[in-house]
Amino acid sequence: MSDAAQDRDADRRVRESFGRQSIMATIGASVQSVRHGEVEIVLPFVDHILQQHGFIHAGAVATIADSACGYAALSVMPAAAAVLTTEFKINLLSPAKGERLRAVGRVVRAGKKLVITMGEVFADEAGASKQVALITATMMVVDTGTGLRN
Amino acid sequence: MSDAAQDRDADRRVRESFGRQSIMATIGASVQSVRHGEVEIVLPFVDHILQQHGFIHAGAVATIADSACGYAALSVMPAAAAVLTTEFKINLLSPAKGERLRAVGRVVRAGKKLVITMGEVFADEAGASKQVALITATMMVVDTGTGLRN
Amino acid sequence: MSDAAQDRDADRRVRESFGRQSIMATIGASVQSVRHGEVEIVLPFVDHILQQHGFIHAGAVATIADSACGYAALSVMPAAAAVLTTEFKINLLSPAKGERLRAVGRVVRAGKKLVITMGEVFADEAGASKQVALITATMMVVDTGTGLRN
Amino acid sequence: MSDAAQDRDADRRVRESFGRQSIMATIGASVQSVRHGEVEIVLPFVDHILQQHGFIHAGAVATIADSACGYAALSVMPAAAAVLTTEFKINLLSPAKGERLRAVGRVVRAGKKLVITMGEVFADEAGASKQVALITATMMVVDTGTGLRN
């Protein structure tokens, strides 16, 4: 495939897989963009995913941050591969509030067995953007011949 | 207060705060038990919090793991203090499937500014229990005089 | 091999590999004990591994914590396998001071590709022991046929 | 103080503190540059800090990565403040080999109590540079009135 065809293929695989993640519909997240090695996920502020102070719960922030990283990894994989998060660490920099969150995940290093990724989560409000979280995550490459597919 | 009265007070504060976390009702999690320095949260397997392979999404696993750790920290704090997660790291050991997940958070060290916690998440199925995640988390102690309360 | 023979073999492999880590002689660390899935490393307080306040540097604490975890992983591997740290996270709980540090690493889950470990570092002083660090680490299993050996 | 005077002051404070870290002389590390919110530390390849395969030990990589992050935090602090690492996580991307390592630490967010930092470690060889590690670290701000100074 040409690079453009590969990118279209990655875009399609990411969106199909994302569409099968029922948690994303539950929290209201959607895929904003898919580039080779970089995926952006958007989560509008909604009332049913908050913590006790009225901010978006760290778990929801982590959910989109982890997924942005996982799909960034998937975007550089061959079509026959799936990825599973083996670990992530997230630093929460500021309360997650505003009109919406945006998680941007990027591939730092793609190996045969592991893909190392990092990501940032931003809160958008009144035209301004503030970083609210920083994530690093390790994705394990799994052959879809095992029955797992993305 | 006596130790028993303090424990009843901690139990009440944890459950009240948890009740204000709208994300917990959304995903279906509840507080199982509150002890001094240890909190257990239960999440039954439900279809609307899954990832693309049909397992519970790592973000939902992290949500209950982080909250179990945060409330374990709160359980050892004076009534006037709130806690905020500043960072956590989670290792995902096995696919999160089964009848329900149980997250147990524990205080490792309680300082004046920071409380270090760790936790384990188990998947229960057919009477057996398997560890599926390991978390370490740092909670920042916040004076509720700042307007934040738990 | 019998279990006892396997344990002796693991003990021998860990100590041989440790003996090839020149950094351990430089900082003065040694292997205290090797059990199936658990390794203990000792580091006496010495003046040439300190940070600016006179405590043992977090990097030296991490060095023995990471190695205790890595060798705990190696202790459950077949003889033909080597392990490499792919990531670790360490929480520093208290200043690392006293007569000596002891790092205990344990296997949490041993998979075919990855071994998840955790560990604790204690400072011993005047007969008492205080936990000063908490580590979680992921080890990647490498076939020694690749040229790497432990 | 003017910005330029503040930067000279930060440079002086970082280098003085670094000079008191005996572990840095032991492993052979030195401060390459100090900017506002960014510090670079260099570690030439030497034979006495290796692991069993002949690469620089992950603990030594972590030592310079943690210090680059800690001093980046210190570079944005008032003169009366000290910083202590409360936690860091490091992903090891490739074997640490080559002529020398360079760790670059940067401030991501500077709060009153905590400074969140991240850093990268590069291996330089034959004029080329390859990233070998990625770190995120949380620094706790400590008043030097407590007796701690940097």
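The first chain written gets the first letter, and so on, giving A, B, C and D; residue counts start at 1 in each chain.
In this text, contacts are C-beta pairs under 8 Å (C-beta built on N, C-alpha and C of every residue); 3 or more make two chains touch, one makes a residue touch a chain.
Here the structure is a predicted model, which is why all the values come from computation and not from measurement.
When chain centres are defined as mean Cα coordinates, C lies farthest from chain A.
The chain pair A-B and the chain pair A-C differ in C-beta contact count, and the higher one is A-B. Inter-chain centre distance (chain A to chain C, centres taken as mean C-alpha positions): 33 Å.
Averaged Cα coordinates give chain A a centre that lies 29 Å from the centre of chain D. For the pair chain A and chain B, the distance between mean C-alpha positions equals 23 Å. Counting partner chains per residue, chain D has residues 86-87, 89, 91, 136, 138 touching two or more of them. Viewed as a network of touching protein chains, the structure reduces to a complete graph with every chain in contact with every other.
Put simply, chain C touches chain B in their complex at residues 89, 91, 93-94, 108-109, 116, 118, 131, 134, 136, 138.
Considering their complex, residues 86-87, 89, 113-114, 138, 140 of chain B touch chain D.
Looking at the complex, you find that chain D touches chain C at residues 17-18, 20-23, 25-27, 47-53, 57-60, 62-64, 66-67, 82, 84-92, 148-150.
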